[in-house]
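Labels run A, B, C, D, E and F following the written order; every chain starts at residue 1.
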Amino acid sequence: MAKPAKKLVIVTEKILLKKIAQIVEDSGATGYTVVETGGKGSRNIRSSGQPSVSDTTVNIKFEVLTPDRVMAEKIADKVAINFFHDYAGIIYISDAEVLYAHSFCGPEGC
Amino acid sequence: MDLLSNFLMDFVKQLQSPTLSFLIGGMLIAAFGSQLQIPESIVKIIVFMLLTKIGLTGGIAIRNSNLTEMILPAAFSALVGILIVFIARFTLAKLPKVRTVDALATGGLFGAVSGSTMAAALTLLEEQNINYEAWAGALYPFMDIPALVTAIVVANLYLNHKKRREAEYASKQEFFGEQQDNRVKIWPIVKESLQGPALSAMLLGLALGLFANPESVYKGFYDPAFRGLLSILMLVMGMEAWSRLGELRKVAHWYVVYSIVAPFVHGLIAFGLGMVAHYATGFSLGGVVVLAVIAASSSDISGPPTLRAGIPSANPSAYIGASTAIGTPIAIGFCIPFFLGLAQTLGAQ
Amino acid sequence: MDLLSNFLMDFVKQLQSPTLSFLIGGMLIAAFGSQLQIPESIVKIIVFMLLTKIGLTGGIAIRNSNLTEMILPAAFSALVGILIVFIARFTLAKLPKVRTVDALATGGLFGAVSGSTMAAALTLLEEQNINYEAWAGALYPFMDIPALVTAIVVANLYLNHKKRREAEYASKQEFFGEQQDNRVKIWPIVKESLQGPALSAMLLGLALGLFANPESVYKGFYDPAFRGLLSILMLVMGMEAWSRLGELRKVAHWYVVYSIVAPFVHGLIAFGLGMVAHYATGFSLGGVVVLAVIAASSSDISGPPTLRAGIPSANPSAYIGASTAIGTPIAIGFCIPFFLGLAQTLGAQ
Amino acid sequence: MAKPAKKLVIVTEKILLKKIAQIVEDSGATGYTVVETGGKGSRNIRSSGQPSVSDTTVNIKFEVLTPDRVMAEKIADKVAINFFHDYAGIIYISDAEVLYAHSFCGPEGC
Amino acid sequence: MDLLSNFLMDFVKQLQSPTLSFLIGGMLIAAFGSQLQIPESIVKIIVFMLLTKIGLTGGIAIRNSNLTEMILPAAFSALVGILIVFIARFTLAKLPKVRTVDALATGGLFGAVSGSTMAAALTLLEEQNINYEAWAGALYPFMDIPALVTAIVVANLYLNHKKRREAEYASKQEFFGEQQDNRVKIWPIVKESLQGPALSAMLLGLALGLFANPESVYKGFYDPAFRGLLSILMLVMGMEAWSRLGELRKVAHWYVVYSIVAPFVHGLIAFGLGMVAHYATGFSLGGVVVLAVIAASSSDISGPPTLRAGIPSANPSAYIGASTAIGTPIAIGFCIPFFLGLAQTLGAQ
Amino acid sequence: MAKPAKKLVIVTEKILLKKIAQIVEDSGATGYTVVETGGKGSRNIRSSGQPSVSDTTVNIKFEVLTPDRVMAEKIADKVAINFFHDYAGIIYISDAEVLYAHSFCGPEGC
């Protein structure tokens, strides 16, 4: 009943939100989940000058379930090549099994 | 001698004004490690209200005024905005350990305008009973947009030029698809500036002031809240300046020197041009101060994201650090009193 | 002829009022793609303050008034709220490509009341110096709750009925455990409505106005801030309306027609009933306008989650899109001036 | 020392927060972690009419560690059957190992 | 007899004041399960504005006053703060099922000061036209910090002592590296208190009142908004109290008894010492009420995180539950009217 | 091209944010991602008395990618021993593969 999948995670600067959403949508993935996060890495950069004495969360984390590794790597490559020269970010994948999803599982069901 | 001591006494008095004392207070409590936080949503709504109010003032004023008066100051604003970028290109960029793109981004940010600094200047002018054209706040976009556009265009021309020359970049070129087309498009940059939250709010206020009848909410809400909200924003600016100081340590020390000197230089250029307009078209001395202060100020809200997107290879720690940690406190704490004093001295003569 | 040109001039003048001009401004800057955002927490506190103020006004007024006056308008409010749902059931639901549950949810939302639209109407009445009963705002729940309850009850009766008839649903029935029990419970829906943030704030204000002495904070805080806060909320409504337009494209075009026509029809019915109360019990013309406007308005804050939970199978893009993108701007921008004009014309006779 | 577990992830509409929390609690899971997220899927529905010109996050993501796949699937089934006909949502599981937890590991410790 | 009926009538009248009626309103709507939420960012900015205002009042007042007057009340504040912790140590901690560290943390929280309770007292004093020293609000830190420091120090001494005695703890000791060094450091606790958002805001206001000229924003912004913002905060306090009641059920019932009795006991001790200052140095009766109320109050914003970090092994459900769910409503709803009435009775003689 | 890694997840009380960030930084990890979450566990404790009638999120969730299990366990042990006696919390790990990262992958690249 469950359908094996790859879970792709992209953490990068908030300013790239729309551009990465576009890449994910173009890739053929059925959707994505995105959340604002804080974080620290080698660059430790904030992408906006927004006054933020408050503990602003300035990274975004995309989670995208893809049916196979190929699609995940395609998205990862495109994001990394376009943005990781100039922007902070990390991309990783792991295994998952989708149990229920409206569009993910194709006609034959999960 | 007398002039100097007068000037100093005035300076101390102005530091005690709500605007400047909250700025200093913010730096002090941040230095002390206070956990006090002004939530981001509050900062956003304050910026909205301040700039809407400045816009409304301008719009209502323009309705009843001779717009030709505005032409010269607006042209000078644009000129100064562009000039500031080229100053950075030929001074800051030439200094050791400073990358050209970083210098250009910094120039763009210092050429652009800080709404909060402008709000502080307008408040201090009112406290000192110095008249200025009510539309003076509307000069903002005339300096802001040209500065950002110039910085982004010049930086991209520079990068394209460099890329073409350096053979070893050839293979990578295809990755930077957007920049392959060597013409830099200006309209998207202008549009992005106009869409930023600060400029949007100001232009909205301007339009409502011009075409609608917002007087009742202006008098009952936006105007009376102005100074109080500004005091909170100044506190935030002070805390933010302190917390950004650390970032500056990672970049070349020349940024510190630039951030201290540039606001005065930019302000003086604008002050000079403003005096030209003063003698030519009767631009008020208060208006000259506003022009000088927006030149001295560096953008804190809309500028950084526009530059981050427009010159991605520039290091934000350099330009945001320089502007927020040093440029803005210098502009508010020193340049405003300085240009006010200058105008008063000239006005007294 | 003269009447029409007067009416049009009045209309333009009212569009220039702070309330309506901020609404239009919001739509314009959203259309222009502005990045301006009013944070959600600010929207929440504004809604709280506006509805608390309306409640306080009502509570303080009721303390000193003859409550029997309120009976007829309150009964008419409830009647209109219920009627609107049945109108949707027998018009919108019959149109091609419109699902019955979606039509019922839409009818529920248009029957329910928008606090912000009501606040706009009260402000415009005051600006035009038209008197209305201070307790008029308290009519809100009398129309809001019956509309939502009716929509949810009728939709669930319809679904139960359909399920029983259709044999192929039999096997799935056990999944929808909650709805197996064929009686739809009314009290939980009423309670959920009352617990919503808008109605809670209004009823809190009402109770405090009735039983406590809130006059000092009313006069020093809630009342003076009212119009200014409303202008910000109108801006948000305008931006929201624009950004929801896209959602409407995905659903049947009849929703657009309904959303334009329904506010006027609902408002006119309420206006007519209000005039009955005017002649019967001396309900003021301003009160009649309030009644018409809350009928014309569609709920934007409390209604949608109540309906989403109560009629889960209805498509929120349909009913929220119809209400937010078209219904609310029509109600605020056209119905308020229209019913105001109507009342002034009748009052002048 | 570590105890193998399944990590169940449920992304769905915010309006279901309390109901799903109840299902998780009833299932015998020792707890859950929940966060608001944005996202896009086949339904692309927002569950509330809350004025939200701001970039409101309107989904919720539950993460539940369960000792075995059976419990995870029980929760998933119940959520999907009750809500996924009418509400947007996706459910997936992956492997994890719990290192420390106050109640998860039973008397014998992790 | 007459005195009591007077007192009761006064009490009811004070419950109808905006401050107390919003508190009660908050409890009622929370009990009713309302979905109304005041966003956290709004609560934060309200607390900031209230305490900045209290600080500004104090700072401006101190500028023009004889500071020696403040010495005795300040010393009494510190004394009361310390005493309250020891009272908890020798009463609450001795009760069955109450752990000593939990009792000490609770004593620390009840010894510390609630800015919102103090704001409520100052507002009610003004509404009743009772004079108090404008610097009275500045007594806050003199009681707050000693209470927190004493609680943390005593708790850690107790834990160290216990650890040394109990041999079976020996092996675990190395895990708690921080506490191995048996001396408890006081300065970090003081510093953490001062860095908390409430105290930071108050001290910032105090400093600005003393050294700057904030009168214009004080009169135009902080002062007029005070009562209105307080009414919202009282609502939040009421809702919070109700929602925390559940937590109390999990801990020993003696916490309920303590939370009802302690505010009165602490307040009476402070009232007595205040009367000493009244006769000795002319400390006003209004000032005595302020002193009694800050003693009766328990910290709701800065205290809990300080204690959570300083006494990690204490159960926050116990001390936060006791303070927020019962202590604060008792202090605001009963102790303020009680001490006000006491002062009025004494003043009338 | 991808580099195998462990993903360490720590959910605990917000008050520990700075202390745990310090432990992670000291461990040699190249960075972390952190987000505020709500949640329920055996302790069900809120660590602050902040008025929070609103649905405040009061836990924090750290995600740390480490090159191997040893580093992940070192961090987990330190956090658990220092804090989990007195504070609520859970720690678990799972497998991941890093595709792109600025500092994670060492000189030889991912």
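Worth a mention:
FYI, contacts are C-beta pairs under 8 Å (C-beta built on N, C-alpha and C of every residue); 3 or more make two chains touch, one makes a residue touch a chain.
Values in this document were obtained by computation on a predicted structure and should not be read as measured data.
Common neighbours of chain B and chain E under the contact definition above: C.
By the document's definition of touch, common neighbours of chain B and chain C comprise E.
Path length between chain B and chain D in the chain contact graph, taken as the least number of steps between touching chains: 2. Once the centre of each chain is set as its mean CA position, chain C and chain D turn out to be 35 Å apart.
Work out the mean CA point of chain C and of chain E, and you get 43 Å between them.
Averaged C-alpha coordinates put the centre of chain B at 40 Å from the centre of chain F. For chain E, residues that reach two or more other chains under the stated contact definition are 37-41, 225. The multi-chain contact residues of chain D, meaning those touching 2 or more other chains, are 35-36, 94-95. A complete list of chain pairs in contact reads A-B, A-D, A-F, B-C, B-E, C-D, C-E, D-F, E-F. Every residue of chain E that touches chain F in the complex is listed here, in rising order: 30, 37-40, 43, 175, 177, 233, 236-237, 239-240, 243, 299-301, 303-305, 308-309, 312-313, 316-317, 320, 323-324. By the touch rule above, chain C contacts chain E in their complex via residues 39-42, 44-45, 48, 191, 194-197, 200-201, 204, 207-208, 211-214, 216-217, 220-222, 225.
Residues 15, 45-56, 81-83, 85-87 of chain F are the ones touching chain E in the complex.
On the chain D side of its complex with chain F, the touching residues are 2, 5, 7, 21, 25, 30-36, 65, 94-104.
Chain B contributes residues 13, 15-18, 21-22, 25, 28-29, 32-42, 127, 224-225, 227-229, 231-232, 235 to its touches with chain E in the complex.
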